Amino acid sequence: MRILVVNPNTSAQMTLDIARAAREGAQPGTEILCLSPEHGPDTIEGYTDETIAAYHTVDLLAGERSGYDGYVIACFGDPAVAACRELVAAPVVGIAEASFHMASALAHRWSVLTLLPRLKPVLEDLLLRYGVERRCASVRAVTLGVAAAAEDHERTAELLLPEARRAIAEDGAEAILLGCAGLGPVAAPLSGALGVPVLDGVSCAVGLVEALAARGLSTSKANAFAAPERGPLVGASANLEAAYAAGSGDS
Amino acid sequence: MRILVVNPNTSAQMTLDIARAAREGAQPGTEILCLSPEHGPDTIEGYTDETIAAYHTVDLLAGERSGYDGYVIACFGDPAVAACRELVAAPVVGIAEASFHMASALAHRWSVLTLLPRLKPVLEDLLLRYGVERRCASVRAVTLGVAAAAEDHERTAELLLPEARRAIAEDGAEAILLGCAGLGPVAAPLSGALGVPVLDGVSCAVGLVEALAARGLSTSKANAFAAPERGPLVGASANLEAAYAAGSGDS
Amino acid sequence: MRILVVNPNTSAQMTLDIARAAREGAQPGTEILCLSPEHGPDTIEGYTDETIAAYHTVDLLAGERSGYDGYVIACFGDPAVAACRELVAAPVVGIAEASFHMASALAHRWSVLTLLPRLKPVLEDLLLRYGVERRCASVRAVTLGVAAAAEDHERTAELLLPEARRAIAEDGAEAILLGCAGLGPVAAPLSGALGVPVLDGVSCAVGLVEALAARGLSTSKANAFAAPERGPLVGASANLEAAYAAGSGDS
Amino acid sequence: MRILVVNPNTSAQMTLDIARAAREGAQPGTEILCLSPEHGPDTIEGYTDETIAAYHTVDLLAGERSGYDGYVIACFGDPAVAACRELVAAPVVGIAEASFHMASALAHRWSVLTLLPRLKPVLEDLLLRYGVERRCASVRAVTLGVAAAAEDHERTAELLLPEARRAIAEDGAEAILLGCAGLGPVAAPLSGALGVPVLDGVSCAVGLVEALAARGLSTSKANAFAAPERGPLVGASANLEAAYAAGSGDS
Amino acid sequence: MRILVVNPNTSAQMTLDIARAAREGAQPGTEILCLSPEHGPDTIEGYTDETIAAYHTVDLLAGERSGYDGYVIACFGDPAVAACRELVAAPVVGIAEASFHMASALAHRWSVLTLLPRLKPVLEDLLLRYGVERRCASVRAVTLGVAAAAEDHERTAELLLPEARRAIAEDGAEAILLGCAGLGPVAAPLSGALGVPVLDGVSCAVGLVEALAARGLSTSKANAFAAPERGPLVGASANLEAAYAAGSGDS
Amino acid sequence: MRILVVNPNTSAQMTLDIARAAREGAQPGTEILCLSPEHGPDTIEGYTDETIAAYHTVDLLAGERSGYDGYVIACFGDPAVAACRELVAAPVVGIAEASFHMASALAHRWSVLTLLPRLKPVLEDLLLRYGVERRCASVRAVTLGVAAAAEDHERTAELLLPEARRAIAEDGAEAILLGCAGLGPVAAPLSGALGVPVLDGVSCAVGLVEALAARGLSTSKANAFAAPERGPLVGASANLEAAYAAGSGDS
């Protein structure tokens, strides 16, 4: 099985961390490729960042429409996941939704830790869109830039730990979700300290894609995620032009 | 007062129709400018279209951050509205949310008519995000491309009429929302035939921006819509670079 | 344009404050008349007060069914709004719903400040009825009679300020709604101190009525707000008798 | 035990029907008094009717604040129930809420039959306010004036029967609620024909009041339903004046 | 009238307490029998306990399908209530649902006190299943085993009191529900100390069964609660075999 | 990896079908054991069946607490899943929740097909409990006993097909979930005929367990699913006694 993991931002450091996390727990026969767009923001810390990164992610994926059994979008806002589902038939899974679904099988309610307060509204919208808001005990934020968090994992874990403890003690969380793609290295130490499952979305998403693809399950093309139909597209890359031309998005 | 109306797609015909609709009911002293991005899809009929158009809309708006008292995003999926709110302090209103709010002051429940079945999921997500899903009696779709709808308004009205009648008779709708930016010319004939309010989002959004701006009300910068902070941004336009550099997004 | 603003209570002081707030931001061509019923409670601080005031508001409005382009009901419980919509075709807007809708275009989530803890259930019911409860971060109350609040605006602002700060810091509010008709004078100082939009419902409702009426939009008569039909009505005022007799409620 | 049943409209015929229904299944030791206001609408078929009837119901109850172990408000819109709870300590139960609660103990989901389509929004608001909207399979309406329904119960049953059958077959209803105070005589024939429980709200509300009062349970005065506090009340009846003066509403 | 109250656990002490509580406020003509299964857990403090107790409760009730006008299941998790509704036609009421419904007629919002934090998820599921989660201000837990709580009621009341006070002051509760079958003796002292209604579910459930049965209302057999149909049942008790054989479950 | 799949009913035929389905798509290194209780109902078609089967499932699992990396409960009502999570640390996944989560990654909304109308309420409760009710387009039922469905898969597929078509055309479903454990053989033909993903819960649950276990993720013991604590347990099997004695449920 061959899975493409896309890091929607342009940080090479985070792409490396994500690639490492993606291999955690992957099946022996699973080959994982990790790419990031050439252009766009270094980190995704708001709606403008996300809008720009979503565009470049779609553009990248338009050029990788064949040769994969599934795709992972490795940013916790799940940018461009719906659009990517239009472009390919193989399963496309966001790391937020993957951790929401997996955590729901392990805990009555779970909390999400994010790195910046301004990302809480983004995550609240995401919970609603996926329809899992009642399973979420709380979204809690520290104040730590995404880049800084990726630089010193030990310090990041130290900052997240008290917030995770409050989620468990005050909000009724029974598992913790790491609300950022680069936090994989933090999962094991946090879980050890807390005594509850701590889920890294990248690893979860790879697992979900493996499970779907092994069962021959692919994105429904019945309605929402049907391939984009041909129409005038001004100034698009050759890859996007080709994806639109392909009609089904997969040939 | 000076309002910028952005048509997120690249269709010149729709930009003209939108500009005309935007002036319907506007205050005498309101000056309305209508722009559309140079690049992107001709019509927005799915998630990929929307992702591309959202990027170009943000790019356009980044170059128009001063000189306006408010902004309207004139596509019924409200693409890039949240991102645009980060870039400027003046109110930014999407045409879907404007018609949701205005219709809620006129009718117990209302229905949305959209042009393609595949847009129903997009609208259902939008209703949830704005928190008004209980006010919506139904989302009903005909099957008519956005471009075709804009070409022959009389035929478009004929196609929409029976679906609107069903929304009123079967779903309990008391008002009808036109779920596409180019349908302004259809509002009056439909309302005449149906005997209930029919709302064009472009006109509604201009009205809401006028009401907000006249009262000195602007987007909250407290959290979700704070200006994007400076970070490495690879391959962005000069306008986007400047918007990020501006810090507050408004200077 | 001519708008009637009804203060449902009998306090002359509040009627004056409301009239002043109603003119804030109104269009130059808008003429605003402000009336209050002769009978009923001096302030509205509970369900019994509201039930009595709603009756007198309907009675007043039954005598003012023509000559206006729109109506504002200026009490934050939105008493009698639904009934008034039956009596006239021109838009009728409550100050709570107006601020709910306007704030939703400026902030991801907003909080309402009310003057008495016992009014929190009234407001929670209202949020539900309008279908916007998820947009509301919190309803917070101080303990200050409505009459006292209207007497000394400076002290009122001082009392509200810490509660507003808690709404922003603890509940995630990005805008503040003043949950009482007489608090217009408090909006500017609070907004200055908080750095977020503070919305006065009276001014918002006038803006929403202006926007609706300028676009020729009126209350749907399709179902919920159809005119009351003639039936024996014992002991009603001549105005109410006439309104019922009118059938359509508007002639 | 002594229970006051208030018919909020002025129809003598309906007061008689309600009085008869109230005695169905009442305990041998329960004494039931049935009153209706002197003034107000003959039937309650919309928001204006309800606003007027609510006022007269509060006025009536203000004069009957002692001598009863509990109160029933016998109109399916539950008008003035919250206000009446402020005025007395003994339990006050609306017939809609009583049938919602009782039906929920007998059926997974139930449907409400109402007499006019325009009352559906009223009932939908009520379901939300009581928080039981998910237990309701559907609100279905025939088109039959309240007065006409009370005149010929056999014909009323005939009209309701097919709608009840559709609720069971198409909506998944397992019990039927009669959404009007005067439909008690219809319950037995409908239940016989349908083979599912058919609930008359008047009888249910008396049962709920008996159950509460026998256990010494009374309305909470902690917050929402605390007695109205003294304030200037212009033009009110002596009874209302006295109720406000009483402070606690019960002495 | 003859009511069977089933204590699903095997504690003789709790069966005695429950029997006493069941008689509180019951009608003079009501005869109450209180039984508990021979087998199963001594107290019900988690999902495994509940699963085992539910089975033995069904088994017990299968042997008591005639001779009663109604049934109460006296454990606050309402175990086996749905299954018991299949087995008999007479009303079956759980003590949680009974207190949810009764409290909703007395208070805008109410809180539930439970004895162990791990029971909070069980109660949250229950609130959702009954569709009353919005009426619940909070579920609050002390940490006290069910058996210990039953042994020393005075100490139990002391432990619950501060948590109840917090529910009223911080969560907006206006009534308190005792979230365990054995807490009847605690209701009166707590209510005296708090000044708000405190509801014991056992007494409430008896009242609700009396009210339903006196009105001839029984469980709907239309769908969810139809009698179990005959099928191979391996290793079941004679009573269960007979209940299945009976078809309608009631003959 | 070693997974135990429990069929909660006693039908040997269904246990065989489930075992076969469980192997569909499983990893080469995954060893699957399939067991069913000795006692209980042959099929699970209602609440009583489910209550009995849940007990025997818990009893079976209490004797299989070691030697497995994860557990699947193979009945679409997910009976005893919460209780089993208390007894072991390794992941326990129900087939309903597994298909809910997996389908949500492939389709905007999906529908569930069940074999009997009376199971619709059971499934509606389940959707609510898992918090995914908004992702579900509809629950649709044919009328076909579980045993009959398992006997002739071709005829079963024929019966389900038109209902699945209606779910797609009328309800907006983009994927179909087979709402019964024995329907694995029906998935491929239905998917072929419909052109949308058709999910068999047994195969999905094995995939989810594999994904969780490969990542070292296990059930949270923080609160809801903590091991049952020792208490008097009358008449329980040696296995249950041992499970309670084990304290942590895993040693």
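Letters A, B, C, D, E and F mark the chains as written, and numbering starts fresh at 1 in each.
Keep this in mind: a residue touches a chain if its C-beta (ideal position, glycine included) is under 8 Å from a C-beta of that chain, and two chains touch if they have at least 3 such contacts.
The structure presented is a predicted model; accordingly, all values stated were derived computationally and were not measured.
Contact with chain D and chain F alike is made by B, E. When the interfaces D-E and B-F are ranked by C-beta pairs in contact, the top one is D-E.
Measuring from the averaged C-alpha position of chain C to that of chain F gives a distance of 52 Å.
Each chain gets one centre point, the mean of its Cα atoms, and the points for chain A and chain E are 44 Å apart. Multi-chain contact residues, meaning those touching two or more other chains, occur in chain D at positions 108, 120-121, 128, 134, 172, 223-225.
Here, these are the chain pairs in contact: A-B, A-C, A-E, A-F, B-C, B-D, B-F, C-D, C-E, D-E, D-F, E-F. The touching residues of chain A, when paired with chain F in their complex, are 24-29, 91, 93, 97-98, 101-102, 104-108, 130-135, 168, 172-175, 195-197, 199, 203-204, 207-208, 210-212, 214-225. Against chain F, in their complex, chain D makes its touches with residues 108-109, 134, 172.
Listing the residues of chain B that touch chain F in their complex gives 120-121, 124, 128.
Chain E makes touch with chain F in their complex at residues 10, 38-43, 45-52, 54-55, 58, 80, 82-83, 85-87, 117-118, 120-122, 125, 128-129, 147, 223-226, 228-229, 231-236, 240, 243-244.
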